[in-house]
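First the structure, which I've put down as structure tokens, then a few questions once you've had a look.
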Amino acid sequence: MSIASIIGQVLVLFGTFFYVVSSLGLIRMPDVYNRMQTATKSATLGSLGVIIGVGIWAIGEVGSYSWIPKTLIIAVFLLLTNPIAAHALIRAAYKSGVPLWEGSIVDRYKEVESSLERVEEIKEKLKEPSLGVEMNE
Amino acid sequence: MGEASKVSRYLYTVLILFIIWMFLTSSFDSQEITIGAVFSLIIGALTYEVFTERGLENLNPKRMAYAIAYIPYFLWAMIMANLDVAYRVLHPKRPINPGIVECKTILTNNTGKLALANSITLTPGTITLDVKGDHYFIHWIDVKDKSIEGASEHITKPFEKFLKVIFE
Amino acid sequence: MVGEMVKRILAIVFILIIGLWMAKGLDQVPFGEDRMLVGKYYLEHVTEETGAINAVTAVVVNYRGFDTLGEVTVLFIASTGVAALLWRKKRKRTAKKEGSVVLTTGAKLLLPFVMLFGAYIFIHGHLTPGGGFPGGATIATAFLLLYVAFTVYEIDHKIFEPLEGLAGVGYVTVGLIGLAVGGYFLFDWIWQSWGLGKENIGRLFSAGFIPIIYILIGLKVGTELTGIIDNMVKEPEEGGQ
Amino acid sequence: MSQYASLLIALPLFSAFFIPILKRLNKSAIMPFLVVVTLVQTGIAAWVFNEIYITGKPIIIMAGGFRPPVGINLYIGHFAAVFILVVTLASFLMTVFSMRAVNVEPKDKYAMLFLLLMLGATGMIATGDIFNLFVFMEITAISAYALTAYNKTGESSEAALKYVVLGGIGSSFFLVGIALIYGSLGTLNMAHIGQLASMINPTAAKIGLALLIFGLAVEAEQFPLNAWAPDAYQEAPHPVTAMFSAFVVKASLYAIGRIIYILSAAEGWSSVLRLLIVLGTLTVIVGEMSALRQNNVKRMFAYSSIAQVGLIAMGLALGTESGVSASVFHMFNHAIVKALMFLAVGYVAIELGGVEMSKFEGLGKRMPITAFAITVGAISIIGIPLFNVFWSKIQLILAALNAEYTWVVALILGASLIEATYYIRLIHTMWFKGEGEKVKENSVLALIMLLLVAFIIVIGIYPEPFWDVMQKAGRDIFDVAQYVKNVPLMGVSP
Amino acid sequence: MIEIYLFLIAVAVILSMYRFFRGPTTADRIVAVDIMTTLTTGLMVLFALHYRRAIFLDVALVYAVLAFVGVIAFARYMEGGL
Amino acid sequence: MNPYYFASIALILIGLYAILVKRNVLKMLVGLSIMETGVNLLLISVGYVSGRSAPILSEGITPDKAVDPIPQALVLTAIVIGVATTAMALSVVINLYEKYKTLNVEEIRRLRG
Amino acid sequence: MNELALIVFAPLIAGALAWLVDIKGIREIFGVLGAAVPLGYTVLLYQKTGEGLNFALNLGVFKLTFALNTLNWFFLGIGALVGFAAILALVSTGRDSYEWLFALMSLSGVIGVFLANDLMTFFIFWEIMTFASFMMVLHYNRSASLKYFLLSVFGAYAMLLALGIIYAKLGTFDFGAIQQAMYQDAYASAFGGETLISKNESALIYLLFLIAFGVKAGMFPLHVWAPDAYSETNQSYTAMFSGVLSKAGVYGFILLYVLMGTRLALEFGAFRSATKFGYIIAFLGGLTIIVGGLLAALQEDIRKLFAYSSISQLGYILVGIGVGTALSIQAAMFHVLSHALFKGLFFLIVATIVYRTGKTTFADMGGLAEKMPFTFAMAFVAILSLAGIPPLVGFASKWVLFEAVISQNLPILGGMVFFGSAIGFVYLIRFVYAVWFGQRPTDLDNTKDAPLPMAIAMAILALFNVILGIAPGLVAKELNRIFGKEIIGGDLFILDLGFGKYNALAVTIYLVVGIIIAGIIYFLGAKVKKVPVTDTYQSANPVTMEYNLTIRRNFFLPLKETLAFWLRVSFDRLYRTIGTWVEDLAEVMRTYIYNGNTQSYAWYLAILLLILALWGV
């Protein structure tokens, strides 16, 4: 077994571990936000491990270096897109009204959102022609 | 900060695309390179306006250097984050203390903000929930400080020093 | 409700019996056995006859070209049909919640890459598992990304529709050139009449007209799927019936 | 030269793809373009027909120049030659009608879908490969879904939904059938299947054949799989309804016939046939009974059409050459008559704003040519001598009796009695009931209707040349050995 | 060896399925899908090695692209941004 | 029964079940898609030959080491057709919902008899 | 062109031309010429009947074959003659080109039926005839036409099924071949050999033909269409309808004898002196006589009266055919001729009356003899002929028929026949008095006599009534020629059955003398006394308009009351009820099956799959 194979395997093992962690997190965490916290991170890292690991492993196993660039591309793509997807999802979850876990201690977003709404309401009122006030945006 | 010239932006886009093509094909076959060049030129022409604002300016050596340095830093942070996750997931009591906090950033560039948001998402106990202007709203699995300043100190600051150089 | 229960139980009984019946038939087609007849011919002759190393691609584009032409047509019908059904005098997007800067910036950055992936996939159809359809779908994905990220984004139908048509016309024309040059509709004139690329088997510039057709299909599928997406996300304006 | 028959596929495709470009150039040219294309297509079909009936040999189109079973081939034999001509001619007439009948936008899309519906049916009739048959069937079906819903009313969408759901189930099971046949034989070419059919595993063949027939029977409107049909017929734009009845359903029926007979050497074959006969008979009975007190005349015609289709399926499943020939003849006659009747009823709907029975009161005075056309069509369908349908109906019945299906004939005749009842009621309503203002009838449409009427009567009075052609067409389906011989199969063998 | 990893990842995918079926919110299901697609991408890459065929990597790449956009589309649909 | 066949048949039946039982039109369409998936899986399974690889003759795969390419080609076509059907069905449902304001299949029955 | 083709198609072509030209005057010329051609050729072809003249038209689908022989010449002659007369009368009463087309088409149809030499040709022309006559009725009345059409189609389908079975078993439609095969079958079955057609099948074929021909002949209980259809169409046309078209049914029964009489006789045995299958026909014929006669008596409408009368008369013919001896069949055919002649004449008379007065009920008529003397004279002939008074043709045929039935010792049938004769007098009396004599309503004071074409038409038929009445030997000779042996003996004026003799000439002479005497008395002083309608007395009943039993109104009300129970048993109503059931069933089925629910429809697919699975296909 070549060194490349060993390094590759180690990486794959590492990645697989986080894959499993990711799925466990998905099951165990109490609300969607916390599930995302755990699952996304470990799935992303796991992917890096598994995918790049395969690229390196292939050097020893198949004898080709051409796996590396392609696995890298895939890994980078996941690295870039997974957090975006997670962000989009968590935002969507929040905006579609999924409540925070009852154990959550703070919701800053809600506070800001409601104050912003109040600002909007005031703006609307001020816009009414009788007041004749020009709002400065 | 204004936009770079169209030529610069276009060339930058084509260059990036071509590099990616080379990665994709993993081959130095002349035919692949030819087609790759053609495709990069075409797709670059179609997309450079949305793809980049600064064009070749991105390739400034200092930025490149910081970007390269950022990789191990970030990877380390990420591994730590995941060990943290593993701990929380596998611990029978699920030690969590979640909440949504607000942070402020000094970054102004959109790409920088994206990088920051992604970095936050992938590192310990945090996910970017929304970005409004320079305010980040972050779901934090283990809230240690509820104030804007305190949260920023914990969450955004560590990355900003790199990202500021790379993207600003 | 009792009726509901009965319906479910009946449905289960039905599908189980139907399933057993199908299984009985499939039992006569043992899994994993080599039963190839025409398939074997393809595998043995594909490189010599079409220049492709991906036998599936050769089957799709050359040997069973009619299927593929039909497949392109089916998608064209879907895109046309969706456009016809969702046509209103005035339609526009009504989405309210703009994506965050993370999403919009991410979409902008990813757009060219995704497009390049698409192009990569359809141009390598004769060498890898790709081809015009997945490539086109990937290109459509690039546009979907824009729709997803920006609530105001819309494609320009004035460009997309003629492009879609042009790609189709191009495909049929390639086939007709085959009829004129080689005497058969969809005849691979580049490979079989002109013999171009014979020395290139396994490399990009080979496989006769497969890459050309896949470029056309990629364009066509990309524009069509994008058109379908566009039609699906738009809603009629008030009084725009 | 004969390979140029592939223009039958290429031309409609090219034209359909060209329409988006034409739309940019000149939008008002689309409908005239449609007329021209279908006319040219009719010309090609006529040339092909002539070629085949002069040489007596089928045209085998080999796509890509690969010999079957390696390449897909089209088999334009005696049957396909006739029915492609029917398809193109009916399409041509309906494009003319469309110029008057279709006012809902977007017309460019309508034109494309119209062409592709025609293409799909042409392909189904011509193809020599079962999977390619599936592809063309889906082309037909999906354009039909779109056209059914084209008017964008709630009802038209409802009709299309039913069509999609049932059609979708049907095509899925059709594919399972293909999987079974392919899995047992390793080929998809019809002639090749015909050649190898005696070696096929009986269980797989039986179930595969049953599933193929099941899938096709949905499109071929066999009871009880036809529940989508009356709704779709009722709600589709009038020219499209005419096309449904004239050739879309016929293409599926043909496919049933073709598949049945290429697998005739397989075991268990006759039990599938028997089932199809039962289905066909039930289709006739239920169709006629449903039409009996129908107040919506277009729907009534739809049920009537379904009943006739049942008759055709029954004939195809008799397993005798005379049955197949009679069925083919009936397909042909029915295509003419129903094209005429749906054209007429559609025209009434346009002029009088509805197709309820009350709208037909006094039609004889208001729109005499249209009423006359409907009357001739109805009389023909009932099966009165001197009108075309009589000949095929009686041939079908004789064929069934010859195959010892007396009970089938008795039931069908009973159902025909019902058919006579509702058509006579309609005729009476049109001519001897009610008054109304005279409507000026469109001279082009009147011409088309009279043309079809003339056709009905000419065949009715002098069926010989037509019957001659139909017998050849029927033999084309029935004589599998000849079919296999005609296709230049290359030596791919196990 | 590879088979073991394949098995483990498959187990992970199946575990994620639990969340997909369990819910309880739509967001939960989409998260589950997101994770599953990521795991599946890894699985596909590993399969490529198992079969020793680099061409399968392309499949994984296309899959990753489609899955990403798909998940985002669902997310945006859920929040009313489509 | 082989697991691939089993899975294909199961998918087909699950799809059919959804069509037969679910009242929501969209769910019925999902059922249809599941059926299509099952069918595609079945086709692919029929073409599989044990111990062989994808019929792309590179990386040391010779004709005797490749599986049957035909079912794969068929499935490509079938998938596209499935997509097209689904797209059509969805736009039909969009129109339907606009006019009927419901997706309950039992309330969508103006056309009958 | 072959003469047979000309005979068959000339009316059709003429009709089509008349329809296309549609100019009053010209279309009549076309029409009359079209009807004249068959008549002319029929006369010319008399000599050639023995030569086996035939004609075939290959349609590809089938070969239409026609042949002329002595038997069908007889029917052809009747058809051509009465048809020509009716068409001539149509010149006056025809309303539009539509009627010309279908009247002539039906003539072509019936001629085709008579001349057909194979079952398929027979069926095709049968259908054409039915369809055309239906169109004539449809023009006037929907429900009558629908009833006619449904029963006809029912009959036609029965025939189709029968001929389909024959074709499937024997592989031929040709009469000769079928006759041959059936004959062989008959002996094969008698000696226990293999038969092509089994006993059950031959019974089925017989039953189907019984229905098919029974409908057309108006045989009880399939007669219900006839009264409405005969009365609800152009009355000139009715002459042909009742006179000729109904005879196609009779011809069919004779054909049944020709084709498979031996087979049926041997297979099913005898009842008393008749064959079983024949006795059924005869018995139904007898019922037809009674029912037709009774109902005729109860009618208030002049057209209906003759419609029922026609039914009743057809009954005689069926009895004759059913009894099945050579003599009885000859008698039946004789009666076919005389019924065509006198009933054709009757309907032309009715047509004239309706045409001139616009009235159809007895209540509105009276005293027309004075205003329409020519028509009255014609009616006189017709009445005498129908009533079976010598020396008219009606007597001759009826006499032979009575003799034929009585001689066979079939008492029930004999009773029925006599009863029919009696009731015939009853309804004729009404026609005579209510229409021609008595008080004339004032609005009929300006009534004119028959127009020329109708007059000619009536005259032709009347002439034949008289000539063949005085010289029945002409007919007998022809009938003997058909049967190939002398069954009715005698000479031109004398019919000799061996056990009875009728001298027409002698009777004529007595009668002429009697009429001259009566005429002298009439002109010497008998005058009609005018009395108000309500001044009439009726055996102790107060005279109200409701119970006003004058000859013109409800004359046979007491009879009606007596028969009330039986009149409720109406086959007409029974058929209607069945029709309603079918419609309701169809309605229920339609709404249940096509219930609009997509999911139910998906279930249908699943059910079929289940059936496939369980059937083990």
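A, B, C, D, E, F and G are the chain letters, set down in written order, and residue numbers restart from 1 in every chain.
Just so we're on the same page, a contact is a pair of C-beta atoms (placed from the backbone, for glycine too) under 8 Å apart; a residue touches a chain by one contact, two chains touch by 3 or more.
The structure presented is a predicted model; accordingly, all values stated were derived computationally and were not measured.
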{"item": "Shortest walk length in steps over touching chains, subunit B through to subunit D", "value": "2"}
{"item": "Contact-richer chain pair [C-F vs F-G]", "value": "C-F"}
{"item": "Distance from the mean Cα position of subunit G to that of subunit E, given in whole angstrom", "value": "86"}
{"item": "Chain centre separation (subunit D, subunit G; CA means) in Å", "value": "44"}
{"item": "Centre-of-Cα separation between subunit C and subunit A, whole angstrom", "value": "30"}
{"item": "Geometric centre distance via CA averages, subunit F-subunit E, whole Å", "value": "19"}
{"item": "Residues of subunit C whose C-beta touches two or more other chains", "value": "11, 14-15, 18, 21-22, 26-27, 29, 35-36, 38-39, 42, 64, 67, 70-71, 74, 77-78, 81-82, 85, 97, 99-100, 102-103, 106, 109, 113, 117, 120, 127-129"}
{"item": "Junction residues of subunit E - those touching two or more other chains", "value": "52, 54-56, 58, 61, 65, 72, 76, 79-81"}
{"item": "Where subunit G touches two or more other chains at once, by residue number", "value": "590, 594, 598, 602, 606-607, 609, 612"}
{"item": "Subunit C - residues contacting subunit A, complex", "value": "97, 99-100, 102-103, 106, 109-110, 113"}
{"item": "List of subunit E residues in touch with subunit F within their complex", "value": "51-56"}
{"item": "Complex interface listing, subunit G residues touching subunit F", "value": "590-591, 594-599, 602-603, 606"}
{"item": "Contacting residues of subunit F [partner subunit G, same complex]", "value": "16, 19-20, 23, 25, 28, 105-106, 108-113"}
{"item": "Partner subunit E, residues of subunit C touching it in the complex", "value": "95-99, 103, 114, 117, 120-121, 124, 127-130, 134, 137-138, 141, 144-145, 147-149, 151, 233"}
